[in-house]
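Pasting the structures here.
In the two complexes that follow, subunit A is the common piece, with subunit B as its partner first and subunit C second.
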Partner chain A sequence: MEEEYIEEIKQEIIEATSKCRICMSCYADCPLQESTRGYVTQGPTGITKAIYYGILWDTLAGKDAEELRDIVYACTTCGACVARCEKSACGIKVVDVIEAGRKLLVEKMIGPLPDQIKVLESLDQEGNPYDELADKRTKWLESIDKEDAKQVKVLQDSDTVENLLFVGCTSSYDRDLVNIPGSIVKAFNKLKIDYGILNDEKCCGDPALRLGEVGLFEDFSEQNTERFKNVKAKRVINICPHGYHTFKNNYADFPSDLEVMHYTEFLAQQIDVGTLTIKTKLNQKVTYHDPCYLGKRNNSYEAPRKILNNIAGDNFVEMKRNRADSLCCGGGGGRMFVEVEEVDRLSETRVRHALEAGAEIIVTACPWCHIQLSDGIKTSGNENKIIVKDMAHLLADCI
Partner chain B sequence: MCEAENAKSEKIAKALADVLPEKFISINRYERIANALHPFPFDIEKEQVPYAVVMPQSAEEVSGIMKYANKEKIPIFVRGSGTQLAGSSRPHTHGIVLNVRNLNKFDIFEDYGFLECGPGCVVAKVDDAVAKLGYFFPFHPGSRIIANMGGVVSNNTSAHIVDASVGKPNDYVMGLEVVLPNGDILETGTKGMRRPAGTDLTKFFAGGDGLLGVITKIRIRLAPSFKRARGFAMFKDLKALARGVQRVYLEKRPLPLMMEFMEKEAAKIGFDIKGLPEPKGSAIFFVSVGSSEEEASAKLNQVLDSFKAENPDAAYEVTDLDEWQNLWGAREVIGSFLMQTTGYQWKAAEVVCNLKDLVVGIETAKNFNVGVPIIGDLKLYLYGHIGALSMHPGILIPSDWDNEMQKKANNEIFKREAELNLKFGSCGGEWGQFSMRKDFFVRRYGEVGYTLIKDIKKAVDPDNILNPGILEGYR
Partner chain C sequence: MDVVVTIRQTGILRGNPILTADEKSVDITKLKRHINEWDQYALEEALRIKERKEAGITVVSVGDKKTEDAIYYCLAAGVNEGILIETEPSKYLDSWQIASLLARVVSERPYDLVFSGVQSEDEGCAEVGAILARMLDIPLSSTVIGIKSLIEGGTIEIQNELEEGFYHIRTLELPALITIQTGINQPRYVSSLRLRNTKKKRKITKVSPESLGINMMELDCKKMPKRLFIPEFGSAKLELIDGASSNEKANSLLGRLYDRGVL
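Let's turn to the complex of A and B:
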């Protein structure tokens, strides 16, 4: 049975990869091309063909297998290659092939990377990738404004709500980012909408899926789907673009009547209809970093810009590389959990882009991008020149 | 891949660690495979996988690698992004792949009137940088976003640029730094604005198919950019389109910088995707240039006058840039759309006609695969750089054909391309002269021409260490 499953994965990879005509266009857009030593295996064609020939020539064992693992887990899964292949070549879903490769390596006990194994264990045991206790997940409520916290409905088993706020693992546990859910809660309270968070929220499953541990992902998918159905919400509003993407695109039985939104989309909509009013405007230059799982993977580019245009006006400046051309921060695809060797750190390059645009604040809307970019500012020695803020945090100061 | 091969890899890596940093020597199995990949629709063979991949950062390191390879009699295969469509960048046997990616220094010397770049620089990046300063860049291959400068200079590839308008790209190459197969470092050409009279060593290497040396630095003249005007014409009759192009030459019109065409069936696809009205015939679109917009427009209208004599359905100057983007986009998306909707592989040939026979030539290119073994029943779409009388019959090859069938199809395409280019007394202008095209070269220029090249190669590379297989056509 297991052998059959492995064969299925192999066939899926071979079928998709056989269509590749090695035009190498995808490599032009791959963030790894800019950040690594420039070996071909550090780009989309190199990764997918490594998996392909690994299967074809049966080199999925020993030292070869370890080399293959390191190549396959280098990808940030940002999706730039997918867009390029669709635009200029044969339309291969490159990231799907890479994720299938990871699935295969996990099945063959080759993947993920050693440091990622404990992530999977933590997901399995505590429902989050950070080895934090499951029952401390809503503790962030104690760190935000008390009046705001009081208004948050923490949904018990049989409670229902119209708008389910899915906080996500990073915003729940990272003390430095507590102002992200805090700010969103503040905005929701102002809007006086019916919303709540789950008392037993657990990971969306993104890290498990990206690392190739499909069985574990399916557990999250089933449990979250069941929980969402019980809540009877009209929409699930996500803080993290990775949860947003995963609910939208990867859940097999996601309720068809449950709308998936990112909080920037929801709040931009409220500004549009006039229910959310901007009272003060920013007087610092801000720029926006598109999180890949919101932008490239889901084409959601305009909502964050609508918010920024409203709160910053002319002080909102675009980086040269924006929207579909935006450069990945380097944190996706399971790379948040490992030290990746980068010749030029993607996060530092992105900080440089922001400085070149004349910005004093890099705004983003993804907790992982936030962490990556903050690190990039520190490691590039730009602490006195620029800071990172989440869109929610910025908006909360203006309403 | 056996123990002996692994041992050889280890041995090479150890020896080359004296020449370049270890981090730029890879014996990772998959990196070696990735550096053997080719843009053909069939798998590579295990015998093609190199022992090692090296990424030198300087001419001195390249020199050290060549000396080692000569001493040990190990073939060196030079490679950039691997996009060369006749297969020149792929190894045909075990050896060392010298990947030029780290030879990517790039400087613009406006006060001298030239730029210098390494062979590992990406064409589009160099182009964008000089365009910003108001200069024209003569290299414009379809693969510009990833193709490397070393490859386009070695191939002297024109692609979208009309040769007779601004010359071949290498006319702008003023000089080179080259490492010879024995490891000697050579500088060619000039830093002055006057090109050498008589023997110009640059010519042996720029457009030299990578046979005689490893290019490590390229000096290119900065040419002022032009103002552009854009034109479009539509012909119900493909022959009338060809006659229109002939007129442009024969009536001594100022030749456009670029002139592309799509035969009706190809145009239908591109136009539909880009939301343009269904074409009633074959489309032609072109860019005329001048020192002012008025001059460019005046030149363009002269070209249109030639077209109008052939009763086109439409012939006009395109002033709406969105329309132009859509026309250009329509041409660009044909191959990708067909591959995505059919799941087939897209493989194009390069048929170049002479001026006199263009009417026959365009019809012949349209029927490129009729009666040809293996590919005779496959669907074909015709488009190309008609201003240079260069046409690409694009053929859809089923992805589920096995490797042998794919290889046979690929060979038949090159064979048929050779027949037609022999018929028209022409040659390809984009993908080099050897590798898969070696048989054409021998037939076109005879044993005399082929022997001459072999003798030159032997004089500088007696043990055939550098890029073996290109000249022999193994690749």
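Let's turn to the complex of A and C:
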């Protein structure tokens, strides 16, 4: 069974990679080319070809395998290459090939990267990648406004709700980011909608899947699907774009009547129908960084911009690279958990893009982008020039 | 070449542990468990030998039924045989008792090398490997941070860790027992699918102390803890022990420990 599964993955990789004409169109769009100047990976084509020859020449052991592992796990899975191949070449789902390569390396006990092993162990033991206690997941409620927290319905086993707010691991545990769920709760309370959070929420499984640990991902997928069915919600509203993407595109048995939304999409809809009104306008220049798992992977570009246009008006400025051309922050694909060698840090480059646009605030809508960009500001020495805010945080100040 | 790896399954401590009713040990039946960290490195070192040479690996562990999970993990990683010496859940066994049980199994099979982790996360005694080597009457080297060479039927050359970055290089005649230090290698990750398939396909050899001819009632526990307790937070006071010499300070500390009934 194990051998058959490995053979299936190999065939999937060989079939997809054989179509590649090595036109190198994807190379220019890959953030790795931007951050490492192409060294080691040679961009998406380099990664997929490395996996291809790794299989063909049977070098999935020893030192060669370790080098292959480092190349395959360098990818941020941002999806820029997929869009480029679709537009200019033969439409290979490059990220799928890279993720299949990771599955192969995990099953062959070569992957993931050493620092990512602890992440998988923590996911298995505590249901989050941060080695935090599972029963402390809703503790963030104690750090937000007491009146807002009181109105949050914490759903027990048989409780049902119309809107299920899926907080996600990073927003639940990162003390610096509790203002994200806190701000969303504030907005939801103002809207007087029926919403709640799970008392036993677990990771969506994204880190396991991106690192190639399919078995562990399937466990999350089955458990979350079962829990969602019991809650009988109309929609699941995600704070993290990675959960949003994973529920929408990777769950095998996801309830067909359960709508998956990102919170920016839900709140933009509320502005559209007039239930959410902006009372205070922002006076500072803001720009928006598109999270890859919201933008490039799911084409959700306009909802965040609708909110920003409403709260910032002319003070909302676009970076030169925006929407599908946006540069990845470097945190996706399991890279949040490892130190990746870069000549130019992606996060610093992105901060530079924001400064060039004249922004004083970089707004984003992903906890991982938030962390990456905050670090990028510090490491590039721009702490007095620009700050990062989540869209929810910004919006909560204006309603 | 036959390599035996002794492993221990330890509880993952988070927050205050729950103690057994007799307050002699932590009740690991209430905890999530994994393979003791040092033993993970010992296992990996054995697997690397298997990848380089013709070698068979046997994993032996002492523990309750749940310890099967740790042995299945080893089988999934590439171990040839797994043996569980099954004991009562949460029963405290000291290093001597554990080594006695392991020695009975190991001595009855062919082996060139025995690997143990330097110590266990829970007890931290670093004794089992040393006692086992003595019981098997084979050379021992502890806190090993590198294997320089291995000649089948001959010798093993190892580096063992000293303080401040220094190390010894020693040559031991085989068979030998070495205790492995963390950081010697990077243990591999065994996937959930691999583990699931292993549990379906492979079998663990389970033996009881009685079947090994050992009566647990008669097997001396040489180091039974008097009582385990969880210190109350907030009630602790810092006291700096003063004295003219180390001896005086040590005596002063001993007196305080006697006064409080710890010793």
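The rule is short, and it goes like this: the second predicted complex is superposed on the first by the 396 of 399 C-alpha atoms of A that agree within 3 Å, B and C clash if a C-alpha of one lies under 4 Å from a C-alpha of the other, contacts with A are read in each partner's own complex, and residues count from 1 in each chain.
We adopt the following convention: a residue touches a chain if its C-beta (ideal position, glycine included) is under 8 Å from a C-beta of that chain, and two chains touch if they have at least 3 such contacts.
No experiment lies behind these values; they were computed from the predicted model shown.
Chemist: With both structures lined up on subunit A, is it a clash or a fit for subunit B and subunit C?
Modeler: Aligned on subunit A, subunit C fits beside subunit B.
Chemist: Identify the partner contact of A:P31: answer first if only subunit B is touched, second if only subunit C is, both if each is, neither if none is.
Modeler: neither
Chemist: So, does A:M109 touch the first partner subunit B, the second partner subunit C, both, or neither?
Modeler: Second partner only.
Chemist: Looking only at subunit A, is it subunit B or subunit C that touches more of its residues?
Modeler: Touching more residues of subunit A than the other partner does is B.
Chemist: Going by the contact rule set out at the top, does A:Q125 touch subunit B (first), subunit C (second), both, or neither?
Modeler: The second partner, subunit C, only.
Chemist: Which partner does A:G243 contact after superposing on A: first (subunit B), second (subunit C), both, neither?
Modeler: Neither partner.
Chemist: By the touch definition at the top of the document, which applies to A:P367: first (subunit B), second (subunit C), both, or neither?
Modeler: Neither subunit B nor subunit C is touched by A:P367.
Chemist: Tell me which partner A:P304 touches in the superposition: subunit B (first), subunit C (second), both or neither.
Modeler: A:P304 sits against neither subunit B nor subunit C.
Chemist: Considering only the touch criterion stated at the top, classify A:C90 as touching first (subunit B), second (subunit C), both, or neither.
Modeler: first
Chemist: Once the structures are superposed on A, label A:V40 by its partner contacts, choosing first (subunit B), second (subunit C), both or neither.
Modeler: After superposing on A, A:V40 lies in contact with subunit B but is clear of subunit C.
Chemist: Which angle, in steps of 10°, is spanned at subunit A by subunit B and subunit C when each chain is reduced to its C-alpha centre?
Modeler: Taking subunit A as the apex, subunit B and subunit C sit 110 degrees apart.
Chemist: Can you work out, in whole Å, how close the C-alpha atoms of subunit B and subunit C get once everything is superposed?
Modeler: Minimum C-alpha separation, subunit B to subunit C: 16 Å.
Chemist: What part of subunit A is shared between its subunit B contacts and its subunit C contacts?
Modeler: none
Chemist: So in the complex, the part of subunit B that touches subunit A is made up of which residues?
Modeler: Listed in rising order, the residues are 1, 23-24, 26, 28-31, 33-35, 37-41, 43-44, 46, 53, 55, 81-83, 99, 101-102, 122, 124, 143, 145-146, 332, 336, 339-340, 343, 345-346, 399.
Chemist: Under the definition above, what is the set of subunit C residues touching subunit A in their complex?
Modeler: 12, 14-15, 32, 34, 51, 77-78, 186-197
Chemist: Write out the stretch or stretches of subunit A touching subunit C in their complex.
Modeler: 1-2, 5, 61-62, 106-107, 109-112, 114, 117, 120-121, 124-125, 133, 213-216, 218-219
Chemist: Flag every residue of subunit A that touches subunit B in the complex, lowest number first.
Modeler: My answer: residues 18-19, 21-25, 27-29, 37-41, 45-46, 49-50, 53-54, 56-57, 59, 64, 67-68, 71, 86-91.
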